[in-house]
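Multiple structures follow.
Next come two complexes built around subunit A: one with subunit B, the other with subunit C.
And then the complex of A and B:
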């Protein structure tokens, strides 16, 4: 049976995920998204994986959420509060969400994973480090290249071009 | 472990449903990015939960890779938002007509 910490974390995570999408202001929405990502980090702690939880806090709550906040601040003020929504589209979206949740939930409850329990100790984070440097080393190098390529691409995309004399500024 | 695997997977399904709702209904570029983030996090939660209950270190390793790739995706997505905003002065995806294939 679920304990109190699990219930509190699921309320925080799911509630702030809904708030992130439904809040009127995009700034409050991104703060709610931060709460949701922090809740996921709490789930990682419950699952005895503190290393992934710290990574999640550093990458998501620390950098991505701040990046999103700054982008929101660059956008015009009335666009932050503008909400364009089709009533019919919203209805279809909610129906899609409910169908998805009910069908996937039924499949999961009917499958054999209810019987899976474990008494074994959690995986030590030293094992993760070993994995990274032995079996997964090509993937680690590839990931570094992808990250540097993505950051360079983002900088090139966001660079402003001076229209008149074709010179790049910034 | 007091919590069972089913509970974690059900939370992940709920987050996936919310993310799909956001992608289907919202027309704001930044909100769609929020929805994508929520879906990615649901996937990460699933990986770590299965990795804990099997138990195997591959779940956590893959979740770490996934978090790093998601960071790259958000950086590119946000710079696309800035470029599109500079071109159209709006972040409503219905206005990005010339991007239509």
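And then the complex of A and C:
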């Protein structure tokens, strides 16, 4: 049963990734990108990590894809893109991708992934939290600082003070 | 004198009735019966009274009515029933539909108008049905330069996403469609689809008003998702779980609104913004941009979006009830099912009617459902109420409220939760 789901997810993910690259309409391209990211969320569900799957959906499909859609809708694409059709580049790109995939696959298959037992229960998200607070606490604090710095910076950049004759309005 | 049917002949009338009967019987025998048997044989049948329910036994309820209840009970344990009828779509659709009517009537009363009055003898009670029939029979007009596939798909996707949201809400102990361990994160993930569908629908219409409305809807929903998530983190910290059923069950002695009133207020305000209700109805501001992102939708496409909106309203109200108001918990008000009916049956003079399979619902389930519905209806009332009272606020005020005030208050709420936890009042060793 998992195999059928795996095959379907693979087809959705890879197919919509190709569609995202190849489609002429940018809107349809970003919808296809959403499908690809959603397919990856499905893979996380198959791998018994619903926590990561939900964050994949919420962050990548719910926010990043929206951001891309928003940007695409607000700019005129004729102004930023110039269509360059080049057969040779395309084939070189495909060949590069194949080389990358084969070498990465060899590395991954060599890394002992075949010895993993697959009938383990799903990882509880409380364990992830415990790990973050005990073993990985420096990383957690670093991430927290970077994120809060980024948020503060964004707020400062986006802040607009409307002043009229030295008086605040609104 | 006018006659209704001037060419009426009794013989032709009888012939037409016989014709209809003949063709119905023929079609039933040729198509209906094989279909019934295929369905009954292919679908896995439950075990009732120690024997597997075959199609022949299933049809014996026609002769023996006492078999109906076990069959119905076996059907109620299936996933299909949960998704389509009780805690899922049908139940939510019923509440959503009644909300639409109650909202119109209540708005009218608040503003000293009459509201729906003529359709149906009693206070316009059939108005909703009339509106539905009108929407179904109306022609669907697609703008000439619209992007047709997206324009058609968006309303359907909207209802589908709202139904997925509804599926996560637990109504009574054990009665939830999708009981996922990461329930609140699933809610977060599902809500994230609404802005995408909205902006795609708005873009696909290829018209000014929908596009402006869609962009407003997009930034409003995306920016209010953040305080929404932060507002229920306090409850998550204290209960230590993301499962909505466990959160509801943890409030058996007191609802979390007692300890987290700030979180509840933030949640309520962000809920209004996510639902595009007045005072945050900028995406549909009818006095500025016609109907916002719904402008070009017509007929049943518009009907579907409206239906999805009210399903979403029910789901948000249910989520508020589950997180802050105690979910299904409440004093037991349903009397226990009389035991002598189960053991002896009902005596009607000389006849004793036995009903094997009673009671259909347990006492806890009925009681939980009643409390959940009472609380949800109360929350829906408070969601509707601002519509009759408040004006619409400006865009910059909306964003200022969301990004500075609500997020700041949400952090105050989280620190309250941490304080309660570390002081030992809640959490392990505390009251709860």
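Criterion: the second predicted complex is superposed on the first by the 123 of 170 C-alpha atoms of A that agree within 3 Å, B and C clash if a C-alpha of one lies under 4 Å from a C-alpha of the other, contacts with A are read in each partner's own complex, and residues count from 1 in each chain.
We take it that a residue touches a chain if its C-beta (ideal position, glycine included) is under 8 Å from a C-beta of that chain, and two chains touch if they have at least 3 such contacts.
For clarity, every value in this text was computed on a predicted model and none was experimentally measured.
Novice: Looking at A:97, would you say it contacts subunit B, subunit C, both, or neither? Reply first, second, both or neither.
Specialist: The first partner, subunit B, only.
Novice: Could you tell me if A:33 is touching subunit B, subunit C, both of them or neither one (first, second, both, neither)?
Specialist: It touches subunit B, and subunit C stays clear.
Novice: Touching A:69 in the superposition: subunit B (first), subunit C (second), both, neither?
Specialist: A:69: touches subunit C, not subunit B.
Novice: For the three-chain arrangement built by superposition, which of subunit B and subunit C touches the greater number of subunit A residues?
Specialist: Answer, by number of touched residues of subunit A: B.
Novice: Is A:61 touching the first partner subunit B, the second partner subunit C, both, or neither of them?
Specialist: Touch status of A:61: second partner only.
Novice: Going by the contact rule set out at the top, does A:14 touch subunit B (first), subunit C (second), both, or neither?
Specialist: Touch partner of A:14: subunit B, not subunit C.
Novice: Could you say whether A:150 touches subunit B, subunit C, both of them, or neither, answering first, second, both or neither?
Specialist: first
Novice: Of the two partner chains, subunit B (first) and subunit C (second), which one does A:45 touch, if any: first, second, both, or neither?
Specialist: neither
Novice: Where on subunit A do the contacts with subunit B and the contacts with subunit C coincide?
Specialist: 51, 55, 63, 122, 125, 155
Novice: Within the complex, which stretch of subunit A touches subunit B?
Specialist: Per the stated touch rule, the residues are 1-3, 6, 10, 13-14, 17-18, 20-21, 26, 29-30, 33, 36-37, 40, 43-44, 46-49, 51-52, 55-56, 59-60, 63-64, 67-68, 71-72, 74-76, 79, 82-86, 89-90, 92-94, 96-98, 100-101, 104-105, 108-109, 113-114, 116-123, 125, 127-128, 131-132, 136, 139, 143, 146-147, 149-151, 153-155, 157-158, 160.
Novice: Taking the complex as given, what residues does subunit A use to touch subunit C?
Specialist: These residues of subunit A touch subunit C: 27, 31, 34, 50-51, 54-55, 57-58, 61-63, 65-66, 69-70, 73, 122, 125-126, 155, 170.
Novice: Report the residues of subunit B in contact with subunit A in the complex, numbered from low to high.
Specialist: Of all residues in subunit B, those touching subunit A are 1-11, 13-22, 24-28, 30-31, 33-35, 37-38, 41, 44-45, 48-49, 51-58, 60-61, 63-65, 67-76, 78-83, 85-86, 89-92, 94.
Novice: Tell me, which parts of subunit C touch subunit A in their complex?
Specialist: Residue list for subunit C touching subunit A: 147, 150, 180-182, 185-186, 188-189, 191-193, 195-196, 199-200, 203, 211, 215, 218, 222, 225, 240, 242, 396-397, 403.
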